[in-house]
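One chain, chain A, appears in both complexes that follow, with chain B as partner in the first and chain C in the second.
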Partner chain A sequence: MAEEKQESSQGDIEGVNCLAYDEAIIAQQDKIQQEIANTNPLVSDKQDLSVLQKEYAEDDAVYQLKLKDLYKKYAYIRKTRPDGNCFYRAFGFAHLESLLEDSKELQKFKAVAAKSKHDLVNEGFTEFTIEDFHNTFMDLIEVCEKQPSLQELLNSFNDQNMSDYVVVYLRLLTSGYLQREHGFFEHFIEGGRTIKEFCQQEVEPMSKESDHIHIIALAKALNVSILVEYMDRGEGGTVNHHVFPEGGDPRIFLLYRPGHYDILYK
Partner chain B sequence: MTEQSALLLRKQLAELNKNPVEGFSAGLIDDDDIYKWEVVIIGPQDTLFEGGFFKAYLTFPYDYPLRPPKMKFITEIWHPNVAKNGDVCISILHEPGEDKFGYEKPEERWLPIHTVETIMISVISMLADPNSDSPANVDAAKEWREDPNGEFKKKVARCVRKSQEMAFD
Partner chain C sequence: MEFNPFSSVKRLMKEAAELRDPTEHYHAQPLEDNLFEWHFSVRGPPDSDFDGGVYHGRIVLPPEYPMKPPSIILLTPNGRFEVGKKICLSISGHHPETWQPSWSIRTALIAIIGFMPTKGEGAIGSLDYTPEERKALAKKSQDFCCEACGCSMRSALLPLTSNSNPSAEDRQAKELAQQINFKWRGKPPAEPGSLLTCFSLCLLPQAGAEEPQTRDDRSPTRPLSPRQRRAQQHSRQPPRAGREPAASRAAFAPPPRHNESHAGSAVLILVLTLALAALIFRRIYLANEYKFNYDL
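Let's look at the complex of A and B:
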């Protein structure tokens, strides 16, 4: 089925000029994104970690060894859609999920989140342009206060618009923290860009992927400790992990595979 | 949640009515449709466009501000970054990732924190300072690059005059 589609779209673009060719590529990328969206919920149900087994060839020694190592520490995984926003979505869901049964931490988090808008305004963001995102974020925290079922939280995170509003706000918080602490972070920016440029290019736009620097900034901005397990093709047979910020006591566990973050559970 | 974008647009419209911003005016094409705006841009001072009144339509997607609006000039305008059919081609109206021409710097892409006001400021700055690297009107770009005070200036002056006639009709 997928093959057929590809053939016909290739037939369509034969004999057209260069610009139309670029447009065809963009159209094809859109189609790929659409297919990803149709087959991957924004945040999936909790699944047994063994689902990962099927994603790697049996004779892929590096990954099979690392999977075994991962099984020792975790039992379940919750997948997120690979759309460039996965870190923020995984973080947002995992953190609120962990707070559903910890009302004391939830209240602390609510206070930090409530204050965060003023910090952003002090950082130079226009209140008017950020308040809808902030309100949606606070609404969701208030929903969590009522101790909804996990399914309700999952539904909110699978409502594209609501979910994306939360992603936007987490991106803004990341950007705000990076700019506030620019003296520290500017040493880690590649390409001779200022922190502000970096934020406008790599943090604030939707679908831009996240790296260490984004994770540290968001973890610090919200005072939440995040552990990331790194599973890549590197030798060694074990999965390495990092805690952000260093020395924290993590409540959230994420699995990083090149280009993508999912949520892990013990 | 189409409502959220409608609310945000209503809020912006009310704000612009209360505290107008220099250089443009904004309203709805049809009072019943918050997603379709009409703006009039005043040609910026000390540019070839000075004195002109350029009407344009902004069409917002239902998932604004996650995605940018489209902008189209209704008044005829001769400019490297406006297609001959009026479509405005500036980078902040493009979503991240989509880059047909490959010339634009990524920092200028659409961000969810843009508003009608920040878009207009970009468009006004585009009028004052065309970007001939990624032209939407190749002929205008060529004329502007070769001799901004020659054929280009003449065509712009004609548009300015026409725009005044339209505005005071």
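Let's look at the complex of A and C:
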């Protein structure tokens, strides 16, 4: 009995060490996340594009040249928090913002969004686990129907809970479209994975970053055209852009810098 | 970051309603006074050493659920998973295989069943008991009664009906486990992240101390009490969900022995460093891909 007790207390001490080790790492991760959260709202106010100037060294010729090129085309930027969900959040906000003053397009979008849950369920997604996300997404569209102030929409997107639910639903739509069109998309998947595996690993989990394939899928799933300006260290002095899907008439403009998306305004 | 528990409450109520009635294979319900702690029972897969066993455990939900995964703790000795330890289903975004908010407690239950017949293969927190021991534990598991939720394993699940044909749930469980297992085998240790590796996660520093005990001194008929009690003690700690991802790398190293724990952590540090370096290099490479033009 005494032996057992000793054994047990030793186990507890080891347990404390284990806990301390785990907690330290978790605490550090939380701290990093918190710092990012403190300095970056999920979606920021609209800012003058010149704020970007400060982010690059004056003698950084490549970026300074590209910034000049960017100034020719755009005037404002709205930043998103770099948390791995920035593409979805930027897309969600920019699109709904653009629909605030276009009730005809909003109604079209609402119809597409309303039907989308049905499509996902038909593909095998579990209805009762996805419907909360869908409902939140539809609630937000309905809020937009009432023509709220821009600030109200911004507040919704800065409410962590609501904002993340919208991100989850956009991820589900992306995953659903990729799986529906797997015959086309499977040629673009690296590492010998199936589309389903890719979706489970790179699309549906939160904080997984987005690439071309995600953008194409979401743009097509919602029938929305997206223009992305690519600003990286490449030669040429100009920012290159892509429209997803090709040939569309984009109403959303995103700025991509390696690993991150923000929203641009003309 | 602020989370509104309202959405997790709503979701958990829904899941509780969906899982209200026991099936032949699993049952899970929240404790009466805490929606964020559930107890579950699962039936051992019929065509395995766990045939005839019914196993009981706890599920602890984080306040951020379903944005973050539940933690699972088995309470019945089973010879596959250690008792009274958190086995994380999947954790942070560093893993290729991570928690998806559209998964549910049901998914987790099916994953547990699917994982029982897979090999522990020395992963920390996994047990590789002999088939005889597992069968003995399976038989004995029926005697288990949970004090906290007051359910007995004999009546926790619906009796199996015509069990000649494996049910859809069995197949689903196997598929899920195989799918995840396949990834685990197919990937180099630097990119773990299957459910399997996560299972062993938070046990890392404890493993050295636990190992000799569980490997050498164990006995299938050993009374449950000390560990059980400790499990209960652990269970009273505040729920802690998403464990950190880094430690899971170690799941691929052989379980460290007591006297090797320093060597073990050195290997762990080395592996982690290499993994990080590889990831950073890959990131840089991807970011600068345009520079690697082949038509020089």
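Everything that follows uses one rule, which is that the second predicted complex is superposed on the first by the 239 of 266 C-alpha atoms of A that agree within 3 Å, B and C clash if a C-alpha of one lies under 4 Å from a C-alpha of the other, contacts with A are read in each partner's own complex, and residues count from 1 in each chain.
Assume a residue touches a chain if its C-beta (ideal position, glycine included) is under 8 Å from a C-beta of that chain, and two chains touch if they have at least 3 such contacts.
Quick caveat: nothing in here was measured; it's all calculated off a predicted structure.
> Is A:Q107 in contact with chain B, with chain C, with both, or with neither (first, second, both, neither)?
Once the two structures are laid over each other on A, A:Q107 reaches no partner at all.
> Figure out whether A:P258 sits in contact with chain B (first) or chain C (second), or with both, or with neither.
Once the two structures are laid over each other on A, A:P258 reaches chain C alone.
> Applying the document's definition of touching, compare chain B and chain C: which contacts more of chain A?
After superposing on chain A, more of chain A is contacted by C.
> Report for A:Q147: first if it touches chain B alone, second if chain C alone, otherwise both or neither.
In the superposed model, A:Q147 contacts neither chain B nor chain C.
> Contacts for A:N122 in the overlay, against chain B (first) and chain C (second): which applies, first, second, both or neither?
neither
> Would you check which partner chain A:P205 touches, where first means chain B only, second means chain C only, and both and neither mean what they say?
Once the two structures are laid over each other on A, A:P205 reaches both partners.
> Contact-wise, after the overlay, does A:N223 reach chain B, chain C, both or neither (first, second, both, neither)?
Touch partners of A:N223: none, neither chain B nor chain C.
> Determine, under the contact definition given at the top, whether A:D232 touches first (chain B), second (chain C), both, or neither.
In the superposition, A:D232 contacts chain C only.
> Thinking of the overlay built on chain A, is A:A37 touched by chain B (first), by chain C (second), by both, or by neither?
So A:A37 only meets chain C here.
> State which residues of chain A lie in both footprints, the one left by chain B and the one left by chain C.
22, 26, 29, 125-126, 128-130, 132-133, 159-161, 164-165, 168, 172, 197, 200-201, 204-208
> Mind pulling up the chain A residues that touch chain C in the complex?
Residues of chain A touching chain C: 4, 7-8, 10-12, 14-15, 17-18, 21-22, 25-26, 29, 33-34, 37, 84, 125-126, 128-130, 132-133, 159-161, 164-165, 168, 172, 197, 200-202, 204-208, 232-234, 258-259.
> Considering the complex alone, what residue numbers of chain A touch chain B?
19, 22-23, 26, 29, 125-126, 128-130, 132-133, 136, 159-162, 164-165, 168, 172, 197, 200-201, 204-208
> Across the complex, what residues on chain C touch chain A?
Interface residues on the chain C side: 1-4, 7, 10-11, 14-15, 18, 66-67, 92-93, 95-104, 179, 183, 202-206, 208-210, 213, 226, 229-230, 233-234, 240, 242-244, 246-247, 283, 287-288, 290-291.
> Contact residues on chain B for chain A in the complex?
1, 4, 7-8, 11-12, 15, 63, 66, 95-98, 100, 102, 106-107, 109-115, 118
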